[in-house]
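To start, the structure under review is shown below, and the notes come after it.
Letters A, B, C and D name the chains as they come in the text, with residue numbers starting at 1 for each one.
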Amino acid sequence: MSVTDSMYQQIILDHYKHPNNRGELSQFDAEVHHVNPTCGDEVTLRVRLADGEIAELGWVGEGCSISQASTSVMSDLVVGSSVSDALELQEKFLQLMQSQGHPDLSEEEIDALDDAIAFEGVSQYPARVKCALLGWMAMKSAVAEATASAESRSASTQAGE
Amino acid sequence: MSVTDSMYQQIILDHYKHPNNRGELSQFDAEVHHVNPTCGDEVTLRVRLADGEIAELGWVGEGCSISQASTSVMSDLVVGSSVSDALELQEKFLQLMQSQGHPDLSEEEIDALDDAIAFEGVSQYPARVKCALLGWMAMKSAVAEATASAESRSASTQAGE
Amino acid sequence: MFDVEVIRKDFPILSRHVHGVPLVYLDSANTSQKPQAVLDTLNDYYVNHNANVARAVHTLGSEATLLFEQARDKVAAFINAPRREEVVFTKNSSEALNLVAYSLSNASTTPGAERFRVGPGDNIVVTEMEHHSNLVPWQLLAQRTGAEFRYIPIDEQGRLVDSAIDERVDEHTKVLAFVHQSNALGTVNDVARLVGRAKAVGALTVIDASQSAPHRPLDVQALGADFVAFTGHKLYGPTGVGVLWGRYELLAAMPPFLGGGEMIETVDMSGTTFAAPPHRFEAGTPMIAEAIGLGAAIDYLTAIGMDNVQAHEAELTTYALQELMKVPDLKIIGPESPLDRGATISFTIKGIHPHDVSQLLDEFGIAVRAGHHCARPVCVRYGIAATTRASFGIYTTTAEIDALVAGVIKVQEMFG
Amino acid sequence: MFDVEVIRKDFPILSRHVHGVPLVYLDSANTSQKPQAVLDTLNDYYVNHNANVARAVHTLGSEATLLFEQARDKVAAFINAPRREEVVFTKNSSEALNLVAYSLSNASTTPGAERFRVGPGDNIVVTEMEHHSNLVPWQLLAQRTGAEFRYIPIDEQGRLVDSAIDERVDEHTKVLAFVHQSNALGTVNDVARLVGRAKAVGALTVIDASQSAPHRPLDVQALGADFVAFTGHKLYGPTGVGVLWGRYELLAAMPPFLGGGEMIETVDMSGTTFAAPPHRFEAGTPMIAEAIGLGAAIDYLTAIGMDNVQAHEAELTTYALQELMKVPDLKIIGPESPLDRGATISFTIKGIHPHDVSQLLDEFGIAVRAGHHCARPVCVRYGIAATTRASFGIYTTTAEIDALVAGVIKVQEMFG
């Protein structure tokens, strides 16, 4: 088996051993806790938004290398990007994971996915897809929650005017 | 297919068209009603015992040729024979029916079964075995009932002494 | 193009002889024969991919899971299900129907499942032409819950008595369960009429499509019911697999039925939460090879086209009714017209018990069924013990129908 | 003579390669592979004899019925059942266990079934090492009936805490359900001790033999329990078939579970009477091919001899425990001694998630399972998310165990 066939690309092992954005934010707009009940993988994730961008994201978690490395890669990609770009990327990653080993992505999409493309091999293993998605789903929920609470805050401000 | 391969031996068709001992006894020691619920075959059978023999047996019924002909053949064989011989014959017929097409009978047993041997082919068809057994099982029940009631009569007579 | 001779070559068993003569298999309503493609699929699964599904992260496990879930996709497409998660694999139709009945009775003790509860004052309605598998589960549900068990009667021609529908299905009806195509009579029921009435009173609807799925295009969205059950072995697939389709919104709210592996979200000694549909209703190791085999059967049928299947069988039915009705002393039990009926024809012959008819036909190589066809109330209704039933499939020819008619006449001669 | 190399030739899948290397299949506790004899039997059934059973009077129907009922005889002989009618075919172990649990809850509304009733004040006892399939059904039964749900805890070595047996099983215990051999730990429980205690208090006993049936001689009379469940796909048979054995006297008195065709005596719109066991508990068309295939698997095992199977696997277990325990940072979850344990070994490796271990092993061609093995309370007990589990069968070699150990060490290097 050649190394490139392996699900365990060097990038994944590196992120697993040295995760990025790991830690708890002290200031945040939303916190979510996601669990993969079949594996016991867990991630707790906080985000802070500013001007429609993900200003900060911090996470702590436990579980397999796929879930932890994927969360780390995700955090690298979305911090500093606009909420809409982050959600678009999440969609692309979801597609990649659902491709059962046969992704149908444009050059451009591959570029955008960046390091996350290393998880392509996971898509052939239905039981592991959830691991790779864990952090991405958590990010999506957290961003949705943060956006909703920002909207309700601004709505109540407006109502107060 | 040769005629001898057929489940429908001429003897069976003859008994079906012209059944023996068909009718209701007016004097009897026991009456039983047996049904084959999967097919709807029915037989009502009465017996009268005398001196440990089946003195009289009468039956009425409805159903397939196998059930009706088998009851007719049975009645020919047991009327006039001792209760113990009749029950022994019933055992042999049961064995024949459970042989799944491979009976292991002695010359003597074949002789004893007489016309009933014509039902051998039925034993290959589990769904039809019950049809062939219907009358025989009814006879067995009726004889058992008649014997029991005779015993309890004699017991009560003794008790009254 | 539909060419029955080409199709027959796909079914190895059709070259069998019985009693020294070629097999004429007219018992497809009981179970269908299997095309080589299904047998090859089963074998390929076991020889190349066999592993348990969902649980394993290894290669075989992933392959088996993909194949199994692809089979679910195939079933979903075949019945035009809005979502693949609406397809629950069961062991047969009977389990599928019991699943619904037990989930409803479990609602009695499941907090949050109040809308599914059935109890005294409620009623459950079936029809007089149900197969026992769509009758006994509801009788037992009524017994467990104290609900009333009712049925819509049938008329002389084997059709539902239309006026009884509005009367029996009333505002206390919780469930209306009915057969799409009767296995005993061939009758195809008016689904729109029945589902329409049930919806008007807010009852759940359960369609037993065991006999329709193999013979006509089945579109669960067009049927409009809440649940549809069918069985693999009648659909040219393996034994040991069936399907319950249910509206997602209902399945997602219903209490589980069987407890065990795969149907849970998380298990704790103090309580358990359950997986989303379809897995909630698939406890234990599923019938993996069988579901995959059913997928292959569906591919096979789809390649032929269910419209073509229906047209072929309509032709056979018309021809068979016409030819059988020429036989003296033969009475069709069920609709005599080919309209709104399927390719399953029950009949009686004066003076000859159906068991004798079918047994003798077997000696001529012709396989038909005799009995009450697990729909005893139909026989009770017509005051008969049993019928002889010939039923057709994609591989049936008009020559086989001719053989049947000739066989029946021979039987009459022997018993004459 | 037991020759593993000869046996391996009977299993076509064992010549498969994954990721370019030969398959090392160490996941037999999840599902076993199938010998060619089973595949041939399935194919022969479909190509030559396929028909519905019990119902048909024609030749194919009779042949199918004979084959199906012969499979029942084979199962009965294999487990030394006093009567063939005590063997009920189900779709898997899970259904078998649910069958008992549902029959007991149906007793609540069945006149005459008082002795089987379970209710408030009663309790139902399982163990902390149960597979979800022998845990959730009883939890749900407790929920349906208001009975108390209890369990016997396990100790550090994966054995039942003996002193808890007498305490948890008391005079209010209606059912004691326990696993014979744990699929998560490998532990083989002391059946005599458990059944003895249950009998002393008059409780029904249910043994989940899913993991013992494939690996040691199983004698239901020697076990002494009331019910024993196991599953075909782990016993070198097809998917989609399982077995419930029950004492005839109990089965004959218990209310039915699934309603439908074949399980009835007579059906009437006003009520139904039920067939005698085993048919009472076999609603609908059974898994015909699958039961016949299971019969072929049993013939295959019987020819090898279950004593030989047990001896072979005991050797493998001893060797594997010894070799695995040499690996640094590897911890066995379950008994470390080969005594009273089966050929299923769970372990964890410090710092590496079991999913990563098993996924990487797969890349080296080695199929093991990772997870909670549908026995989550075991993981909760030991405070771990999952284990990696290697499990052996008749075709497993010591060379494969060497490959496993080497693979584990390679994984440690990659993650080091």
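The rule we apply is simple: a contact is a pair of C-beta atoms (placed from the backbone, for glycine too) under 8 Å apart; a residue touches a chain by one contact, two chains touch by 3 or more.
Since we're looking at a predicted model, the values are computed, not measured.
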item: Maximum centroid distance from chain C, chain identifier (CA atoms); value: A
item: Result of counting contacting C-beta pairs for B-D and A-D, higher pair; value: A-D
item: Chain A and chain D, separation of their C-alpha mean positions in angstrom; value: 39
item: Centre-of-Cα separation between chain C and chain A, whole angstrom; value: 45
item: Inter-chain centre distance, chain A versus chain B - centres from mean C-alpha coordinates, in Å; value: 79
item: Interface hub residues of chain B, defined as touching at least two other chains; value: 125, 128
item: Junction residues of chain D - those touching two or more other chains; value: 19, 55-57, 61, 266, 355, 359, 371
item: Complex contacts: residues of chain B adjacent to chain D; value: 37, 100, 124-128
item: In the complex with chain C, residue positions of chain D that touch it; value: 12-13, 16, 18-19, 23, 25, 27, 30-31, 33-34, 38-39, 42-43, 46-48, 50-52, 55-61, 91-95, 97-98, 101-102, 106, 109-110, 128, 131-133, 135-140, 143-144, 149, 151, 231, 233, 238-242, 256, 258-264, 266-269, 271-272, 283-290, 355, 358-359, 361-362, 366-371, 373-374, 376-377, 380
item: Complex contacts: residues of chain A adjacent to chain D; value: 1, 5-8, 13, 38-41, 62-66, 125, 128, 131
item: Footprint of chain B on chain C - complex, ascending; value: 19-21, 352-356, 359-360, 363-364, 371-372, 379, 385-386, 414-415
item: Residues of chain C defined as touching chain A within the complex; value: 54-57, 61-62, 65-66, 69, 265-266
